[in-house]
Amino acid sequence: MSDFGPVQTRSPVLTVRRVDAYYAITIVAPQVAERFRSGQFISVAVGGDQSSMLLRRPFAIHDVKPDYGGTVEFLFSVRGQGTAWLAERRSRDLLDVVGPLGRPFPLPRDPVNCVLAGGGSGSAVLFPLAQSLRRRGCRVDFVIGAASADRVFSAITARRAAATATFTTDDGSFGLRGRLTDALGQVIEDARSDVVYACGPMPMLREVTAIAGVYGIPVQVSVEEAMACGTGICMSCVIPVVGEDGITRMARSCVDGPVFRGERVRFDDIGTIPFDALGAPGWKAQSGEGGVADREAG
Amino acid sequence: MSDFGPVQTRSPVLTVRRVDAYYAITIVAPQVAERFRSGQFISVAVGGDQSSMLLRRPFAIHDVKPDYGGTVEFLFSVRGQGTAWLAERRSRDLLDVVGPLGRPFPLPRDPVNCVLAGGGSGSAVLFPLAQSLRRRGCRVDFVIGAASADRVFSAITARRAAATATFTTDDGSFGLRGRLTDALGQVIEDARSDVVYACGPMPMLREVTAIAGVYGIPVQVSVEEAMACGTGICMSCVIPVVGEDGITRMARSCVDGPVFRGERVRFDDIGTIPFDALGAPGWKAQSGEGGVADREAG
Amino acid sequence: MSPDMRTRLGRVELDNPVLAASGCAGSGRELAQFFDIARIGAVVTKSVMLEPHAGRPAPRMAETPSGMVSAIGLQGPGVEVFLQRDLPWLMSRGGRAVVSVAGSGVAEYQELARRISGAEGVEMVEINLSCPNPAAQGRHFADDAAEAARIVHAVRSNTRSDIPVFAKLAPDVPDLTALAGACVEAHADGLSMINSVRGMAIDPRTLRPAVAGGMGGVSGPAIRPIAVGCVYEVHTAFPDVPIIGMGGVRTGADALEFLAAGASAVAVGSVNFSDPSACVRILRELEEALAERGVSRVAEVVGAAHRNGGAAPNR
Amino acid sequence: MSPDMRTRLGRVELDNPVLAASGCAGSGRELAQFFDIARIGAVVTKSVMLEPHAGRPAPRMAETPSGMVSAIGLQGPGVEVFLQRDLPWLMSRGGRAVVSVAGSGVAEYQELARRISGAEGVEMVEINLSCPNPAAQGRHFADDAAEAARIVHAVRSNTRSDIPVFAKLAPDVPDLTALAGACVEAHADGLSMINSVRGMAIDPRTLRPAVAGGMGGVSGPAIRPIAVGCVYEVHTAFPDVPIIGMGGVRTGADALEFLAAGASAVAVGSVNFSDPSACVRILRELEEALAERGVSRVAEVVGAAHRNGGAAPNR
């Protein structure tokens, strides 16, 4: 309907590749490719026409290419039945895809120094971001963390795309032993980073945000909440986020995010309705102004 | 568990062929092939591991071959979502199959003249029967009816396997215009048939049974009732059948059938519980003997 | 020839009988990215409350076989924002709005009815009776037919008379037919059914309830036979009361099932999550199915399952 | 090390907590073609009545998303044949029998209990309360807690005291917890839940109900969240009453869900239709799942979802 919004397509699978612990699927989806901005994701129907799996599975867009009018690649590890089904796709199969979805990463106007921190499959979303940033003349440094060597994401690409690439694994099987957040501070210092971009599990994002705070630099986090619709209609993916007006709202990760300013996300209150959130039980007493509510999340 | 009963196997698809309006799938299933007797069927799980289609789909066994330790072929037309999914299988896919199921056709001891009447895909089950009968020295005549030429089943094989093969189509596009039952009487006369075997829709089976009655010869019908389990545990596939003791019982098509003696099936009462059936409302008053119930259907 | 799809719901006639269900269509804007919102019968709005509402803590949903369990807790901006922002937007796009209202007592429903009835662009009001009644330990209003009737009466008598008021029922109530009867006696112009079915999923990894607060509502194709049964039974008891049927509508054939059971329209819920263009697809499939069987007006099939006597013959 | 799978249901201890559900296991003989019937916890027999019963007219079932609707109408040979033929057969194979009883009034249940209690090889009795009560226009006994309690009392007091009596509940009753409470007060030793959920499918070709008589029972994975919710709620109210949980158990993980919700055993129903070896597969999967999480006794996970407080954290 719109030239900017997401589209729904039946896209043929071009290739399915195995990359260490991950699968990479490339689909032909010109309309998605053309609209894509880094940080956005797609959602894929799984299990075929008579699937018992009602919900789509969201995946970060890892790469878009101009081939065949526009291809889109996403990477995933097999986690449950949906990803198991995806891993069995072959080329020429059709996938029912909706995208691109979500708010993209905001890009800096000036050629600043950017550190990109990705945990596990959360790194996927940072590769197209690195490209966009470099096109704007930004310096890019990667910090990539994973449980083990086979879960480290595209090490070679990361090295190629960035000024430096630092790797951490929990078991020390690749790069530094330890967590991504153990290494991040040093990278920020060495690279004189001006901004952090991060994607990964919620506890990691919280720590990354804290570290950025220590260095007084802004941080953009991309969250991976469970999503029923991905299009903003179901309200299942909410987290408490502080608005520009200082008011906390239950914001939808799928359309108000998945990218948020790290400082705005109330990490400690995720899984709760903070007492001071707009519309929380007992909230009524505090409000007064009429205009306030107008900007709430949904 | 038993050497005679059905088995459950995950069987690789050997070939999927398109034959006019039908699909023919051959699977490698030695244990099914080895146990098979003509008239039996298999049931196939459809839609994959996360299918929303709970129930298996039953199909007559059309052919078994010794290749690869034992193969089984079934034929089907696409009717709904389950058969649509089956039609998309490719070789090497695995099918979850249970079989062989059901009571086979009883074979005559002597080399008598047999007429085999099949309507639509109901003909499938008659081909292995024809083989078995010929091995016993029986004369076989085929009468095959269908809606149109592309639904006539294996005309060439039928001609090869039988003394005569008569075809009818509703639209006259192949063989005689009309219904199978219009031609059956003449075939019985010409071939001096001693017994009729029939498979097809219920109204056809009723008419075939009536015609056999006119000629005073026995008839074995194979019914295709909707089945939830195919193994005798759910009681969903019942039809009223008169037992040897003259008492009507609600018999399970899947294990007490699918082959019944035509005269025993109360065609006019299908879809009802006949008032005189064992255990029908008000039945109690009629009964008295204790032993009777012992032989009921389920 | 394409069939006449118009359907009547009390005093209102809709262009076609496919609606987007409450809470499953956002504000309409989100779905409008995928199709022209004016093409479907109407959009039932997320249930509106008087004040902003933050809803329930996350996690709010889990997938289940052919369905999902969810507990959103009526998150929403409150009636003021709704009337200022969402309703005018729907009107501007030619969408027709069925406004769903939710409250915590008769007074709130009454006040909501007054506010909404005065606004422009309200075609119908749907009363969400599956809201916790603070005066009854959080049991739903729908659990108590007398309480439900009081709410229906309050909304009806505070809504402009040309705006039909439908009561939305849940299946898991003590006596559905009695509840429906109480609503009709309280002058509901029609009934919407069904809301989601109480249920729970437990995360097999953590062994804890997958949705915060434990219980949630089951929705999606899984509940369709339950929903069709409810529509059939209530239509049997009240053949003249129009029904909006819902619960797992995924295809045109599913819509037809509801119409045959006695619904005059259907609403598409959770399936919008998995297929954002579901409403228009279902409408097209329904049109095709009707055309195929030579039906000239959709109204002809409403209640068909009651007229054809008994079950389908065995194939 | 493989976990200790023994589970206690009142006075009886079963080797493991995976049962075949009533009406979904035939006489045991049919499933025995696919696995050794002695390997599962027990077989719950098709509900037995005093006299032979022809059941309902066909068509008796229709497939629905992740489930089915059925109306069999308790076809069966009557208690005499059952005791002469089916029960001895089960015993001869080392199977353990939970005998399900169904009647049309207190007197019939009482007589059944007497007959069954005298037989050898009866481990437990399960009372099917979802039988039409002729004295209440065919509503089920389960719809009336007082009537249900009378039946439970009648069966309990006519059954040998070492044989536990479980009452089997349906979810769509006016007040499930109240019904459970009434059964417990009437000295039921435990509860089985849930029976299938009322529902209907309409054949989109004929537009007539797909099952003769219209309404049937919905079963299969589709109803699992409803069933888990029922078990969770009743276990909350009566934490000491053992429960046999069922409704759409398809995998070991599903069985674990029921145990965590508060069931001491699970019964596999419709999934036996689609996978005749389901019971042993589920048992194996459950064992593996328990071993993986280092659980040494299955009893440890019973009710786990109540102890771990609140919902799973968001991933």
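Chains: A, B, C and D, in written order; residue numbering restarts at 1 for each.
Methods note: contacts are C-beta pairs under 8 Å (C-beta built on N, C-alpha and C of every residue); 3 or more make two chains touch, one makes a residue touch a chain.
Note that this is a predicted model, so its numbers are computed, not measured.
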Listing by label each chain that touches chain B and chain C gives A, D
Per the C-alpha centroid definition, the whole-Å distance linking chain A and chain C comes out as 34
CA centroids of chain A and chain D: separation to the nearest Å works out as 45
Touching at least 2 other chains, the residues of chain D are 57-59, 65-67, 212, 220-221, 311, 313-314
Where chain B touches two or more other chains simultaneously, the residues are 52-53, 225-226, 270-271
Contact graph of the chains (line, ring, star, complete, other): complete
Interface with chain D, chain C side, in the complex: residues 57-59, 64-67, 69, 171-172, 174-175, 197-216, 218, 220-229, 232-233, 248, 250, 253, 256-257, 260-261, 289, 301, 304-305, 308-314
In their shared complex, chain B is touched by residues of chain D numbered 23-27, 30-36, 46, 51-63, 65-68, 70, 72, 75-78, 80-81, 84-85, 212, 220-221, 270-277
In their shared complex, chain C is touched by residues of chain A numbered 1-2, 5-8, 45, 52-56, 96, 98, 225-226, 228-229, 231-239, 249-250, 255, 270-273, 277-281, 283-284, 287, 290, 293-294, 296, 298
Chain B residues touching chain A in their complex are 46-53, 81, 85
Given the complex, residues on chain C that touch chain B span 65-66, 221, 311, 313-315
